[in-house]
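The chains carry the letters A, B and C, assigned in the order they are written, with residues numbered from 1 in each.
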Amino acid sequence: MTNPSLPLALSAEVRAALEAGLPVVALESTIITHGMPYPQNLEAARAVEAEIRAAGATPATIAVMGGQIMVGLEDAALDALAQTPGALKLSRADLAACLVSGRTGATTVAATMICAELAGIEVFATGGIGGVHRGAELSFDISADLRELAHSRVTVVAAGAKAILDLPKTLEVLETLGVPVIAVGQDEFPAFWSRASGLPAPLRMDSAAEIAAAHRMRGLIGLPGGQLVANPVPAGDEIPLAEIMPAVEVALAEAAAQGIAAKAVTPFLLDRIFALTDGRSLTANIALVRNNARLAAAIAIELASAEK
Amino acid sequence: MTNPSLPLALSAEVRAALEAGLPVVALESTIITHGMPYPQNLEAARAVEAEIRAAGATPATIAVMGGQIMVGLEDAALDALAQTPGALKLSRADLAACLVSGRTGATTVAATMICAELAGIEVFATGGIGGVHRGAELSFDISADLRELAHSRVTVVAAGAKAILDLPKTLEVLETLGVPVIAVGQDEFPAFWSRASGLPAPLRMDSAAEIAAAHRMRGLIGLPGGQLVANPVPAGDEIPLAEIMPAVEVALAEAAAQGIAAKAVTPFLLDRIFALTDGRSLTANIALVRNNARLAAAIAIELASAEK
Amino acid sequence: MTNPSLPLALSAEVRAALEAGLPVVALESTIITHGMPYPQNLEAARAVEAEIRAAGATPATIAVMGGQIMVGLEDAALDALAQTPGALKLSRADLAACLVSGRTGATTVAATMICAELAGIEVFATGGIGGVHRGAELSFDISADLRELAHSRVTVVAAGAKAILDLPKTLEVLETLGVPVIAVGQDEFPAFWSRASGLPAPLRMDSAAEIAAAHRMRGLIGLPGGQLVANPVPAGDEIPLAEIMPAVEVALAEAAAQGIAAKAVTPFLLDRIFALTDGRSLTANIALVRNNARLAAAIAIELASAEK
């Protein structure tokens, strides 16, 4: 199924599932190394994997360790990754360099898509994607995740993009890149912690079967790239837009006042929003990732059944 | 010639022409569904097809209907499309979703290029291409047509881009993307309704044979993407720059004053320019599309004769 | 090794080296036609070729002449090119058109990468790459070199990018495009005439072997595009940032005051910086290209030895 000379180490479970044509869902690992402290990160990662198994699919958490792309982390490897403080945060630009260095790296959305496609996995669940940063009209700071969606053939289930980004510009760039952006069950593009963003989604679909059919059709007509499935956070876990936006604005003002710049901005904002929402931002984050894992499993099941 | 499992329905005429290696010219369909009211849109579409036939090539109007990419519309299908008020306006991002939904969609420049390449058609005639919108330095609103020219191997004959766009930025983006921009018979990039734009074109060619040779050379050296052939509106039909620009400025000022935003801007501007020019903008539009159809047919004939 | 119908004319020396699997380094030619007056340009080109030979690799200077991509210029061809005042400056957009026209064209970084990949050459030495121009937030003027690094599988050894460009934006665009940017032997991205830029480089490597291994790994995992190897100018030849930046600022102010615009800006700035540094900018330029040629040869030797 995959080129044996590739530096690709599939777990026994993932290999068996892929060889049998069973549904597999890829998972990224920066949420483990850069998203939460230990041991909450490990617990969350295991909870997300459990959701996928409960839904009838096989989870494949992806990371780079020891010069190999690990696809599916055994328990010990997941635990080790969760305790690697200096893990790199890998994107398209530095994935190969990390492989040759032998260092440990966690995969962002972009790098996870690349590795999933190499392994033959077509669906991937995450929290939110990177996007166009606020102020990008001057900084040109735009996540490589957007362009990856135009290149790697993986359908990515996310809860939209965080409201700390510039969402209107993010949607424009996705349109320019020809990436399908599909809101699930509503007409509005969701904004990670909130179900609403005030912005219409370019496409709406209401079932995993429809999303899987559109994924297959893109492949059939030869279009590279995947789909961004924007799955709203469950209503019971959301922080409504009217509540989260003031926290975002306060955090942005603090970052500006304290001269926080460049790559330090996003972690600073997320920390402040965590504090300003009394931790609700993290609760919502975990809930939405689990929710995305369930939908991704349903899409993977549709894809696997259609291939038979 | 094409993969039989593709959702591609070639008309008998187009299939016969392609199988015989005869010249074929693709045509887009948003000009039919979103460009003019019925029945003028149908008359204009038939006139453009007639130009191509008169020039010795076969027209292939492209649209999505009933889950198929139609390449070449029989008379009844063209008439039905011309009377479908809710037709989608398809680009790279939503072409596959429309195919699986079974809805009717008209193809923009980007989607027409994708479908033409799938069908094995190398030349496509249209009016103007999408580009960088005015204010894109803040809105990031850039048409997917530009990037498509860097990806799909189709030579697109247009009369430049409308002066309601930001033409200097449009030319910069095309240069960054590595797209050949070829003015025909003059050194200046044409501006749709006007032969002049005040901007030099990166390349100039004076014959269909030269354009066809450059198209073949790009394929030979392995470059993806097509060429933008910028063919000036015939002198007798143009609205000179000095006359059209005041109308554009008035329309832009009205849009700003009335708070017209996002996807509503372009239709508003075109309506106002139609009124402000006493309908001359539409007359010029039809004339330039017919003129582009003639040149596209000549290029297709050169390509077909070289392949023998 | 290469398709015989390609318009590709390899010199006897380059052909023999490629067929034997020996190390070859591509060189661009705009530095010859647009970088210096005759005969200094010819002397510099020969000196760079001599560095590559002395290091144990074969130089392959690339240009378009007589409808062919010349890969490796014999002495007479190099001399003729160095005296062709009207040579075109070719990028991705106009390479094919120049080939069909029969005109003489020098290749920029982008076009050299395309031609090197066609010829099967994986390493290329130059001075600096194009980047995001100052003011690009309004002009959208971004060199096609950046996107080429994401598409053509060639490792490019440069001394960074000139400080007349917007270096922070250039690094952001490279990150967005997924291009590895590797500083050699230091943590900072170098700025052409200066070893320092004040900007951290995304990656650092300290040996040709490491750079070659990362190049091979990108190919192995299926990523298109190359790597930007940012090799600092030798310390003895540099113009420190504190000395060059005032000259850059003076030149920029003069350009603004004299209304220099568009494609005239870069040559104007380089001329003024030459005068303002009493010619040291040219001395540094020649030294850094020779330095890059040596490193490129070492990388090519690593790649050739690994393929055996």
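Couple of notes before you dig in:
Operating definition for what follows: a residue touches a chain if its C-beta (ideal position, glycine included) is under 8 Å from a C-beta of that chain, and two chains touch if they have at least 3 such contacts.
Computed from a prediction, not measured in an experiment: that's the story for all the values here.
If touching chains are joined by edges, the resulting network of the protein chains shown connects every chain directly with every other. Put simply, subunit A has to spin 120° for its C-alpha atoms to lie on subunit C, with the angle rounded to a multiple of 5. Taking each chain's centre as the average of its CA atoms, subunit A and subunit B sit 36 Å apart. Among all residues of subunit C, those that touch two or more other chains are 137.
Across the complex, subunit C is touched by residues 5-7, 69, 91-97, 99-101, 110, 114, 118, 137-144, 146-148 of subunit A.
Residue ranges of subunit B in contact with subunit C, taken from their complex: 132, 136-137, 168-169, 172-182, 202-203, 205, 210, 213-214, 217-218, 220-223.
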